[in-house]
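You will see chain A twice below: alongside chain B first, and alongside chain C after that.
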Partner chain A sequence: MSTVATTQIKLTPEQARPRASVRSRLQDALPKIVLAPSFAITIVFVYGFILWTIYLSFTNSKTFPSYVITGSRAYQRLWGWTFDTDPPSSWYTSITNMGIFGFLYILICLALGLFLAILLDQKIRGEGMLRPIYLYPMALSFIVTGVAWKWFLDPGLGLEQTLHQWGWTSFHFDWIKNKDFVIYTVVIAGVWQASGFIMAMFLAGLRGIDGEIMKAAQIDGATTFQLYRRIVIPLLRPIFLSAFIVLAHLAIKSYDLVVALTSGGPGGSAWLPSNFMYEYTFKRNEMAVGSASAVIMLMTIVAIIVPYLYSELREKSR
Partner chain B sequence: MSAVATPARQASGGVNVKLVNRIVIYGLLALFALFYLMPLFVMLVTSFKTMDEIQNGNMLALPKAPTFDPWLKAWGETCVGLTCAGIKGYFWNSIKMVVPAVLISTMLGALNGYVLTKWRFRGATLVFGLMLFACFIPFQSVLLPMATILGSVGRFGVTLQNSIGTSFGLGNSTVNLVFVHVVYGIGFTTLFFRNYYEAFPTELVKAAQVDGASFFQIFRRIMLPNSMPIFVVTVIYQFTNIWNDFLFASAYAGTGDSMPMTVALNNVVNTSTGVVEYNVNMAAAMIAALPTLLVYVLAGRYFVRGLMAGAVKG
Partner chain C sequence: MLRKLLIGTALATSFVFSAHAADVKEVQMLHWWTSGGEAAALNVLKGDLAKEGYAWKDVPVAGGGGDAAMTALKAMVAAGNYPTASQMLGYTVLDYAAAGVMGDLTETAKKEGWDKSVPAALQKFSVYEGKWVAAPVNVHSVNWLWINKAVMDKIGGTEPKTFDDFVALLDKAKAAGVIPLALGGQNWQEATMFDSVVLSTGGPEFYKKAFNDLDDASLKSDTMKKSFDNLAKLVTYVDPNFSGRDWNLATAMVIKGDALVQVMGDWAKGEFHAAKKTPGTDFLCYRFPGTDGSVIYNSDMFGMFNVPEDRKAAQVALATATLSKSFQSAFNVVKGSVPARTDVPDTDFDACGKKGIADLKKANEGGTLFGSLAQGYGAPPAVANAYKDVVSKFVHGQIKTSDEAVTELVKAIDDAK
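Let's look at the complex of A and B:
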């Protein structure tokens, strides 16, 4: 802050004189002029494009966009596929996987993140060394994470092979090649990548808790377990909410990890809706269906994010 | 604990319980450290092994005769699709894309944050809200229109090229990706700077205004000199995100010589022709990971702050 105090604004005499009205009006409008390009870009390339995608989802676009509205056929097909379980349709697989992946990914990241944060908060020697170790995967791209775990989970090269060499020959772990279990390997890699970050969020929250409250509870004879269950965890509620929002949003956007880790899995069995969208739009020439699936993804995010942002912004402007 | 237990025994029991607790805590922490380090460790040792050693040895063993060849091969010789000239070209593609995209989006974010906090106007919250929400949309919902627009811009570029000899970069994949990353990055950069400038004393700006300083003078002389931390945070955040991006890269530069590192790496690893050279794959993955890892090692504190700022809109 010291720099602020010492910063001097040097004014030329010319600037100190009152300006002509055109110039001063320009000065008044300048902030808005500066902000305008960014805002315009957002309106056109975010909201305009979203409307465009919604529009396309009501056409019968195949390989190329068509602009004749033909009704909600794309949605009807998706709706029909939602229950197509025998054999499962790609859409059914994608949304089921989304459910499994989203639920486990969020739950395990929250649980593991909180657990690690509580452990690290016990006045640990070497905390400064451990924290970066838990957190570094967040700096890697999903592609690198996928490549690393693909190798690690490969039955012929990775964990299974290693344990066989160590003498545990009955050990069997081929989830990555198994169409019923491949989505769980995506959960493992996803948790590996994000849980350290969630830990950091919880740790920051724990450090923000007033020490007096903890002391008072301890004097009252609360056990460590009671202390955390009754006092600390309820106090961390805002962090739970933020972490949930971050994870839900990461989960719905997950695309790269599935591609790099499983290449879609045997017969597309590891697809998430994002993969479905990409494949249908760019590879299977079903642009309308791809757009409809993108709209459904967007709506899911809107349902989660908008109430959150609204309350955050309203709170601040109060 | 029975009633006959003496205070001394109780106390010693307490010490033991405490010691056991400590051992359990440290044990668990170490175990998780292993879980997080394992994939990186395996990747690293594998990249220094010969193929012979990989096929016959243990995944976790250190290389018996460390060789740097896989790294050299990944950098200069390995095949990406049909071109066998290593990943070095794609590495530079990523650099050429990341640097301008990060600089432009950060600068715009700084200006936007400045306007939104120090030059408030009616509707500023709404404008910010709309830009903020843009950070969270699944990019699938804009992917196709953007592809269409970039396609027509590219055709226009070709026309220009044919008629006047230059396309002004229109249709160039790197230029396209810079544009896309700026467009979908300003939401976050604006958020970072807005939250930072919110806490910046408005009186200083007011005082400078009274003294007759102009909009840009205040920005340059007062705001910028005090923005170093948030610049570091934003640049790191943007660098990591853009370097690691795969969706836009594969949609708009998924083939040919202009693809960025992430797409090239995915192609290297998923090439099914010939013998799969795992050591080369791992070296390529390490090369792709190094820039962001390096940033993380050098400026981890700022990296975490950026992530937090993106998560907790406090």
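Let's look at the complex of A and C:
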């Protein structure tokens, strides 16, 4: 409506100048105005609540938030639990599981994803059909993955039972019921879900590599192994980095997979820090301890993301 | 433009007001009774309220279970948007009452005589600083054995009266090639069983001191150590695949005759009913050996929030209907629990229900009605969960000896207090 009005009125040059400048100023500001709501929402709901969580971790909040700062008792308790190894405290179990799960999950996903991508990149027939098959697990929620693998790995229902029925009665696979091995079943399910996605990332990277370089190397007499080892994989470095970041944050925020797959594991032996956080904040009414563990998780993520951002930004400015 | 805005605002406000007017005749209820038997039981209440002209509105909870509901409730209360009532357990009621958001039903309670009819142990959770803040719906008790009668007959077993009898019975089942004890290896199930073990090993006095008063000396005592040893003995009778199993699957093992016995609260009876089994002929319910005469309870409560004046009438109607004798009987027959007031006739109940009602009455009069620590009626959630941790770690082997378990229990409870 307003645009029609402005075009209809004949403007003298004196009038037109300030109007035009309002318009152009508006145009300049338009992106900022459009971005402002989402920016405000992010500020409040992400950064605001991060600050709130940090604040709560220094209070004595129990069932409900309390705003009286009482010092770092929550952190002291967590610190104490960190060294409670025998019997393992829930916090100690959570962080060691995080280490095992994070390391294996990222490593196996990267290796498997790269391997599958290289195989798929051999210009094989039916690639268009194979690719979505590998990619599809990523479309499932962790809950579905968890429940499916829970049944598959259950010795009384799934793999073990089936093989027993087929006659291989000495087969024994009860990791999901074993306190020492249950975390590895979480790795298996997690890898199954994410490796296809990582494969797709690598595949995109492989397709982006200039064919000329490959040909030149082949003319120089490089074997296939040398080709991948010396040329392709080094060229995929940015993909490795992105894949690592994606996997690392998936690993740290994993929660639903553990719940659906193991419901915490025998005696809580499959807990990850996020399970710990939820348990303490919402089930045990120890909001301060829960917040403190959330802050420690945040610091872990920051420790991974900040060097990444730093290296990215430095490269850009160069 | 301005006119449009005004009309819009007027429409919106009138909508809000009309919505508000509907509220007054409506009971907004937050609960997680959605599965077959529970939902059917709740329909009785809906019918009773509809007769008085009150509509029932479920407050939706994403994700189902009790934890999700409690998280939703926390958010609603923080936003000042109180439901008329919410299903609540134990110390949660007191936490909310301490935060000053609960209503006051003392007048209704006086009129209906709740003070006399509701067991004193339950009033600990439904009365806060002299004011009635919640209406108990039922009393579940935890110290039960659920036995498959066919298996019991096959092995020639009789009701175990002591813990040693029980072990002998389990041995018989083992020799006959059935799984003696059906257990779901989740921490609350293990701890629920341990509640009974402690009551059986140490007796009522000891249970109260240790698990309701959290008396340090009792927690550290040799009796507690003995209780852990007894628990360890029971765990040797479970099948190797027990870890992580849901409680109703463990009950199903007993129903199907794969296992002899389950130690579980009386909600397990609902599963037997759903499978069309009758007490006495298909299955047997005994008190956990050595705990006859005492009842370890938990109870579902409807916590009543401090709603605006115009919604109070609906709340009073809900509370009155909840504790009416007819509803208490109809609901608990279906749910498997026993009425939360001791003056409800037991005519409609089955044999197990009749025994449950009689036991509750006796325990209430004799002072042997105790809150279950595993179910959050013995101590606040922080302590209860610390306790479940220790029991579960002991069952699954992270904690290796009963000595260590006692040390850990004392430490965990001190830490959580």
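Quick notes on this structure:
FYI, the second predicted complex is superposed on the first by the 273 of 318 C-alpha atoms of A that agree within 3 Å, B and C clash if a C-alpha of one lies under 4 Å from a C-alpha of the other, contacts with A are read in each partner's own complex, and residues count from 1 in each chain.
The criterion applied here is as follows: contacts are C-beta pairs under 8 Å (C-beta built on N, C-alpha and C of every residue); 3 or more make two chains touch, one makes a residue touch a chain.
The structure presented is a predicted model; accordingly, all values stated were derived computationally and were not measured.
Bringing the complexes onto one copy of chain A puts chain B in a clash with chain C. Once the two complexes are laid over each other on the shared chain, residue contacts for A:G265 go to chain C alone; chain B is not touched. With both complexes superposed, B is the one of chain B and chain C in contact with more chain A residues. Of the two partner chains placed around the shared chain by superposition, chain B is the only one that A:L130 touches, whereas chain C remains out of contact. Contact with chain B, but none with chain C, is seen for A:S242 once the two complexes are overlaid on the shared chain. In the superposition on chain A, contact of A:D121 is made with neither chain B nor chain C. When the two complexes are overlaid on their common chain A, residue A:R77 makes contact with chain C while staying clear of chain B. Within the superposed three-chain model, A:P155 lies in touch with chain C and out of touch with chain B [touch as defined at top].
Contacts of A:K177 after superposition: chain C is touched, whereas chain B is not reached. Once the two complexes are overlaid on the shared chain, A:F282 sits against chain B and chain C alike. Using the contact criterion defined above for the overlaid structures, shared-chain residue A:G290 touches chain B, although it does not reach chain C. Listed for chain B are the stretches 235-243, 253-261 or 289-297, of which 253-261 clashes with chain C, judged after superposition on chain A.
Within chain A, the residues touched by chain B in the first complex and by chain C in the second are 263, 282. Looking at the complex, you find that chain A touches chain B at residues 1, 3-4, 7, 9, 11, 15-16, 27, 30-32, 34-35, 37-39, 41-43, 45-50, 52-53, 56, 65, 116, 119-120, 122, 124, 130, 132-145, 147-152, 157-159, 161-162, 165, 192, 196-197, 200-201, 204, 239, 242-243, 245-246, 249, 252-253, 255-256, 259-260, 263, 274, 277-278, 281-282, 287, 290-291, 293-295, 297-298, 301, 305-306, 309-310, 312-313, 317. Of all residues in chain C, only 67, 70-71, 74, 78, 92, 95, 99, 185-187, 240-244, 380-382, 385-386, 389, 392-400, 404, 408, 415-416 touch chain A in the complex they form. Those residues of chain B whose C-beta lies close enough to touch chain A in the complex are 25-26, 28-29, 32-33, 35-40, 42-43, 46, 54, 58-60, 108, 111-112, 115-116, 119, 121, 125, 127-134, 136-148, 183-184, 186-187, 190, 201, 204, 208, 211-218, 221-222, 225-226, 240, 243-247, 251, 262, 265-266, 269-270, 278, 281-282, 285, 288-289, 292-293, 295-296, 300, 303-304, 307-308, 310-313.
On the side of chain A, the complex with chain C involves touching residues 62-64, 77, 87-88, 90, 154-156, 174, 176-177, 179, 262-269, 279, 282-286.
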